[in-house]
Amino acid sequence: MLRNSLILGLVAVFALALFTIFSEYKTPETLNRTAQYYNENEVSQVGAANVVTAVVVTYRGLDTLGEVTVLFLTASVIGFILRRKKKGEPVVKADKGSEILSTASRILFPGSIILGVYVFVNGHLTPGGGFQGGAVIGTAILLIALANPEFAVSRKVLHWLESLSGVTYVIIGLLGIFLAAGFLDNRILPLGDFGHLLSAGAIPIIYSMIGIKVGAELSGIITDINQTKTNLS
Amino acid sequence: MITFNIVLLIFLSVATISGALVAVTAKKTAVAILASGAISLFASIFFLVLASPDVAMTEAAIGAGLTTFLFFVILRKTESHHAEK
Amino acid sequence: MKLSVEHIAILSGILLMAIGLWGILGRKNILKMIISFTVFDTGLNILIVALGYLPGRTAPIVDGPVTVENLSQVAVDPVPQALVLTAIVIGFGVTALMLVYALKMHEKKKTLDINEYTDLKW
Amino acid sequence: MGEKILFALISLFLTINYGFLMNGVIRKIYARVGRRHGIPFYQMYIDLIKTLALRTNIRHGTMFYLGPVFRFAGGVGLFLFTPVVFGSAMFGNLSFSGDVLLLLSFQFFGTLGMALGAGESGHPNAAIGVTRGLAQMTAVEVPFVLALMGVAIQYDSLSLHDIVAAQQGGIMHWTLFTNPFIVAAGMLALLGSFMRPPFDVVLAGQEIPIGPPTEYHSNYMALMLSNRAIFPMAKAILFMNLFFGGANTYWEMMIKTFAVVMWSVFVGVSFPRFRVEQSIRWFLRVPLILGILGIVYVQFFMS
Amino acid sequence: MVSPYYILTIGLGLAFLLGLLGKKLSKVNIAVIMLAMISFAAISASWVWQFAFGNAEESLFFSAGFEPPFSIALKLGFQEAIIAFMVNIMGLFSTLFLWKKLHKENDKLAPVLLVLFMGLNMLILTRDLFNIFVFLEITAIALGGLILLDERKHAASAGFKYLLASSLISAVYLLGAVLVYFSTGSLYIDDLILGGPVAGPMAGIAVFLTIIAIVLELKPFPANGWALDVYQGAHPAIAAIISAGVGTAMLFVLHKLMIISGPMMAQMITVAGLLTFLFSNWLGISQRDSNRLLGYSSIGQLGLIMAIIGMQDILGDQFAFIAMGILLSHFFAKAGLFWISGIVGGSKLESFAVLRSRPLLLLMFGIFLFALSAFPPFPSFYAKWDLIFALSDAKQYLFITLILFGSFFEVVYLIRWFGIVVKNTSEEVKEKLPVNITQIIPISVFAAALLFFGYYGQHFMNVPINLNYIPLIAVAALWILDFLPTWVKNTLLIVATLFYGYIILPQLHDFAFIFAIIFLLGAFLTLLFGYSYKGKRPGFYPLVAMMFAGLILLVEAKDLFSFFFAWEIMTAGSYFLILRGKKSQPHAFSYMLFSFGGALLILAGFALAHSVTGSYTFDALTMVGALSPLVFIMLAIGFLTKTAAIGLHIWLPGAHSEAESDVSPMVSGILLKAGVYGLLILFMRMGHQFVLGLDLMVVLSWVAVITSIGGYLLASVQEDMKRLLAYSSVGQLGIILFGLTLMSNLGWLLAIAGVITHFLNKTLLFQAVGGVYSRTHDRTMYRMGGLIHRMPITFIFVLIGIISMSGVPPLVGFAGKWLSFNAVLSKGYYLQGVGMVLAGAIAFLYLFRLIHVPFLGQLKDHLRKVKEASFWILLPQIIILMIIMAFSALPGVLLEPIGSAVGKIFPTGGLTWQDSFLPFGSRTAISEYGYWNGTYVMVITMIIFAVLLGFQMLIQRRNKKVGQFNIVYSAERPSTPETTHAGYHFYAHYQKAVGFLIAPLATNFWNWVSDIVQSIANQIRRIYNGNGQVYLIHLVIYFLICFFIFNGGL
């Protein structure tokens, strides 16, 4: 119990430390200069209705590329870990999901996919974007996988989707250097009419690529995990 | 000035924190997973109140949805043997 | 006590982080540790978003009452949101990886008790 | 130069004879103390002639063969490097070669050579005798050197000539009276270095080669007997020069060295024998302390 | 310049694209990755080139075309270029090293590797705080995958611990970055500088959080258990990446962030780094697992560099050089060592013994270890020198102490490891270690790089460099010519030595000249012995050359740096030489420990002296002011470890006795003089120093007396010939030291003459004993006997050697005795003088034993067929014999030149020389007290001896030698040599009398120290209990402690 009280004490001290943030916090009156700049100039510079999207895809596009990379890495590593020794082994099925789940998921599946696509295509106009859309798609796959463990998205298709979207993303980024002001500049395409689907330069394309890639990667992760034969099942 | 937002937020924070307490103290892992999923849901409402719909969506889709499911999958694959003593 | 949206959010975030840390440091079960990590991350994310919040303002999306012109007066800071967006996705990646590690470890020793994985030491 | 060599040879000849006679007298005294009749005082000459006349064909090896040569050469050398009579051209020997330090070190020349020769004899007791001798010697050395150092400090010189010169002018100028501590230390050390009782376990009767050894006999023995006549004499002369005002005439030298030797004889007849480790401990206690006292005395009370 | 975005594009694009290829094309996979890595390296190389030789300027690369802080920018300057190049080189060679592994089984991980290095590049280049977070996470996840590269037993749990820790750390970092943004409105690092130091309490917390996170990433003690487990659990090649690649990048991130930290943060980083360096190395001492050991070492090195980064204000201009020097050494050496570990496969330190089957690999292993230990000529050596000097100038004595202790502990385990690998006898190497070319190339390149930077690095030092490379080139040449047979190499080295002497001697004067003669003549004499060896003696000649190069450079040195450089070269060379002995491993080890400890003290002493006087020449020592006594003590102890003063002597007997037969005279007769030379310089420059009114010279003179008594006593109780001689060296060095401490003309004359005679005598005796050993293969004296009959010539040499050594006239040893007495008298050190006399008397004991037990007495049965030593063993002894005889007959030849050299320092109180009536310049030496003419003594003794011998031969004409047992013993005629030859426990009675004096106090003391050090280490490292959760608790505690310290308490 000594250890538990130590941990509790430690957590209390930790909370106390973080509490300094709370006590030092003063609600700002105005936006800071960066935020101000974004909110003032985003529309003219990037042309997305959703400023967050503009920040995510363009201003801080490098972060986003990194983020996609993180998912890519996770997917690769998980695939590597889970499938290394299983080469050639037949996939042993886990227990079947319930009837209701399987029926429901089958009904929901197409809708979810469409929803996901909608979310990322409209990322520059409405809340949401590539990651959210991809996650929705991933969830759809997950659901159906839970319902029907035998379900498996063709790995080949996933790879193709993932690779092509990823490479496209990178190439678009690179085009920024040649055609516009810098890496990942969305202005390689015309900004278009503000508020329309085909606007904000390359953002819809980038976000679509991200959506596809994230969706494919998440699906890959889920399938990998779901199909892992644990020693006891 | 106590607005609706504040009332909602107080309720939310109480809910989130109790959820968190459940999540870290629950005996059954499944309960903990559910609780953490609930936290994510509450958190996404938090984000909505904090004027961040993008984050809210992400949290809902990834935190509440995918992560929770993933936990369950892993749980199912390990639990059949034993749970925490 | 300062009773405003952002203060409550910050405080909740801090408390969530603390509780999460408690779980991380206190639970023996690896899965529960990972769960606690997600709680911790969620708290952190709330904290971050709250830092970008300005009272009474709305989401930085040009829509309805929010126009291109008044964006900088009525919208909150988009940057923390963008950062948290990234953080959530990365957090998911890490969580997934941890889970798979847990699976892998379980495969070997048939236990999820962190105390059992102390072969490397000193 | 030639003159000096001639004088040195004369001095050597005289002193070796004196040494033979004194050894005889000492043995006589020992016998009388032990209520025996004893030998005639000229017995040593008889021994010498007898051993010289005997021939041995035995040799255990080169070093064995050379051992007595080393030994006697050491004795003769030591004597020749020592000035016998103060201010005398004839008995100044070859002391221009080096000072008292040379004497101090040269006495080991013979010891070492002898030890090597004995070692080669293949006799196990030889080694035992040698180790005992060497071990005791290390202990004896310390008080003796302290005394020597005291003398050197006192007279600001390491040259025996200067040391003796400083002691001239009456008996009270002798080191014996000016600094009794170092003399005491020195004279106690002398007992050890003469290997007389109570420090004679080194010689240990018949079996140990530095005494009359079994493996060395006949004309080997002759060389060693001769050495036993000259080597203690040289040492006694050294002590006389250091502590007792030296000698202005050969007669004075004879008397003084006789007294020095007698000192060891008298101690020898009155005390039982020490074991080696006992004598080592003893030398590292009493004489050492005396010697240090002597040096302290010299340093703080005389200069 | 090529835009860094191309690295990003190539890395990510190819990684993504590889998914397309699928399994069928997995063979192409690795080749593509390799190409990508090559392109990374090429791009960064082009940057380095342009910065170094072109006129490139630091430039920013915006992303999305907006200026920072509104977008993320990459900054490319010279620093970035260099670090990126290093990391990419690491990537390239890691890929090459892992080629087979990735190619065969783990094609999925190849893109992960690629992305990892892409991420590291970005981590280095990016100027955005949050972007750093993203790439930190990329690094973490990529490593999380790579740790599982092969199915090592504990990789999974180690990786999991790593994930736990890095998640927590990156959460802290994220919070910090966001808080920075909140309080400054910017995430652009350079913005934060422009606005001055970030102000305000929130900003303070923010900066603290970001920086502490990076510090935690760098594994500070004690919150680093997770990292150790990863180093141990992961594949060594991955550990290499973590240590060299990721570690380098992280350090750079920290360096980058330093501009936003205040002085307090810098201090915290410094302290954290130094504690890590100290403790990590300390705990490493008890480590037995090679990879974990390397982990400890990695963490320690990273800690040191972290501290250097924290101290950059203190270090000033030299910061970059120091940091790079240590970083480069760590980078190349650690990667190389991990790779070698990967080839070896085993994880026990002993399992590396298989390297013996691959000499080249073993050589590189040594290069890496010695580069880590900061030996010349590696970059870390120069860097450490500058570091200590800079810290000393800044009066950061505590930091210096921590660094020195840390370095010492590091050397303890590194060198012990080296010893085990090279010489551990319990491990037999049966078959050749399988290696393939893709694994050898990276290791070779890194080893070569170390040597290159070793040469190149010194040009950036703060010191006027004044090194003579000719001897070192000879060393290198001998490495290359190592395939030649022994006699060729021997001849080459002898010719080279003589030639070099011909060149260098006219340039040297006084003491340097005298010592140079000893070293060169010594080299010549000891090398002659080498002709008696057959075969190739691989590795011997370069090492000998190395030691002698160090020695000769030592006397050539005119400034502190050259001196220390030579000192370390000499130490390393002699260590290797000693290590060549059959059972010498533990002894070589303790030799190294004492030498290295001494060297550290010397370094610190020099640095202290320099900080007062600002000079780099020996003059720095003359005017140190109030610190003088301290400097004096440090340097004196440093040099006394080499001369094996009592208490510091315990390494010597083993090291000198277990060395090879021709190495023993080198290290005993010659090498020890290096310490004397050091003392000489020290005493000459600093003279008398006082602590609390106590003259340190008097203290040292007592040390010297006790050393010689103790050394001789110990020598007299040895049963092993070489140990006996070794202890004898301890004693004689005591006498030499005593001479020096007298600080008078005669004293120094005594010391220098003692140096020469000791050199001659000890070389002679060790060679003679070596000759005996070459025939009997035994060193235990009592098992021998009667060898005079089998090896008469050797006997004569030993005889002359011991007579000369014991100071019996007429041989030259007496000069020492005579001088010491005179010097003592004129100085007034009477009591010490008595001690010296006692020592001299005891010397007889062991010397007689040395000649009696093996050579005299009864010949043992198993020695009946022993032959005289071979010609090449006898030849140098003949030469030495002739020199000894010449000096004995004409001591003036020896003493007068020394006297004139000494006279320049002590003009009064010297000897005067008076002509005598013998020719050949035989002159009488006259001192204040006495006089002595060696020629007379020699002539008279010879004449007497000849006359008596003639007499003996005359009367014993028919004398003949009898059979062996022709003696009478207890009325029996004995028949076995064993019962008739007393040799064992020779001075039993002596031990009974004074045995208490030789209780192994020093050994016990040092054992006690080492026990304490180890048991503390063992206790401390229990905190690493292997539980990932506990590691997290450490992290949190560490974090909290720093938090509250930094934020001024609760």
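Letters are used for the chains, namely A, B, C, D and E, taken in the order the chains are written, and counting of residues starts over at 1 for each.
Keep this in mind: a residue touches a chain if its C-beta (ideal position, glycine included) is under 8 Å from a C-beta of that chain, and two chains touch if they have at least 3 such contacts.
Because the structure is a prediction, the values reported are computed rather than measured.
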{"item": "Neighbouring chains shared between chain A and chain D, ordered by label", "value": "E"}
{"item": "Contact-graph distance - origin chain A, target chain B", "value": "1"}
{"item": "Per-chain CA centroid nearest to the all-protein CA mean", "value": "E"}
{"item": "Selected pair, greater C-beta contact count between A-E and D-E", "value": "D-E"}
{"item": "Approximate Å spacing (C-alpha centroids) for the pair chain B, chain D", "value": "106"}
{"item": "Rounded Å distance between chain C and chain D, as computed from the means of their C-alpha atoms", "value": "99"}
{"item": "Distance between the centres, which are taken as Cα means, of chain E and chain B, whole angstrom", "value": "59"}
{"item": "Distance between chain centroids, defined by C-alpha means - chain B, chain C (Å)", "value": "10"}
{"item": "Chain D residues counted as touching two or more neighbouring chains", "value": "none"}
{"item": "For chain A, residues contacting two or more additional chains", "value": "7, 10, 14, 21, 25, 32, 34-35, 38, 50, 52, 56, 59-60, 63, 66-67, 70, 73-74, 77, 81, 127, 131, 221, 225, 228, 230"}
{"item": "Residues of chain C touching at least two other chains", "value": "4, 6, 11, 15, 19, 21-22, 25-26, 28, 47, 51-52, 59-61, 75-76, 79, 81, 83, 85-86, 88-90, 92-94, 96-97, 99-104, 106, 110"}
{"item": "All chain pairs that touch each other", "value": "A-B, A-C, A-E, B-C, C-E, D-E"}
{"item": "Residues of chain E defined as touching chain D within the complex", "value": "786, 788-789, 792, 799, 803, 806-810, 814, 817-818, 821-822, 824-825, 828, 830-831, 833-834, 837-838, 840-842, 844-845, 848-849, 851-852, 856-858, 917, 924, 927-933, 936-937, 940-941, 944-945, 948-949, 952, 955-956, 958-962, 964-969, 979-983, 986-987, 989-990, 992-994"}
{"item": "Chain E partner contacts - residues on chain C that touch it in the complex", "value": "21, 24-25, 28, 30, 33, 37, 40-41, 44, 47-48, 51-52, 79-80, 83, 86-87, 90, 93-94, 97-98, 101-102, 104-105, 108, 114-115, 117-122"}
{"item": "Contact footprint of chain C on chain E as seen in their complex", "value": "130, 133-134, 137, 140-141, 144-145, 148, 153-154, 156-161, 163-164, 167-168, 171, 174-175, 177-179, 181-182, 187, 225, 228-229, 232-233, 286-287, 292, 1021-1022, 1024-1029, 1032-1033, 1036"}
{"item": "Residues of chain A that touch chain C when the two form their complex", "value": "4, 7-8, 10-12, 14-15, 18-19, 21-22, 25, 27-28, 30-32, 34-36, 38-40, 42-43, 49-52, 54-56, 59-60, 63-64, 66-67, 70-71, 73-74, 77-78, 81-82, 126-127, 131, 194-195, 214, 221, 225, 228, 230-231"}
{"item": "Interface residues, chain B side, partner chain C - complex", "value": "2, 5-6, 9-10, 12-13, 16-17, 20-21, 23-26, 29, 32-33, 36, 39-40, 43, 46-47, 49-55, 58-59, 62-63, 66-67, 70-71, 74-75, 77-78, 81-85"}
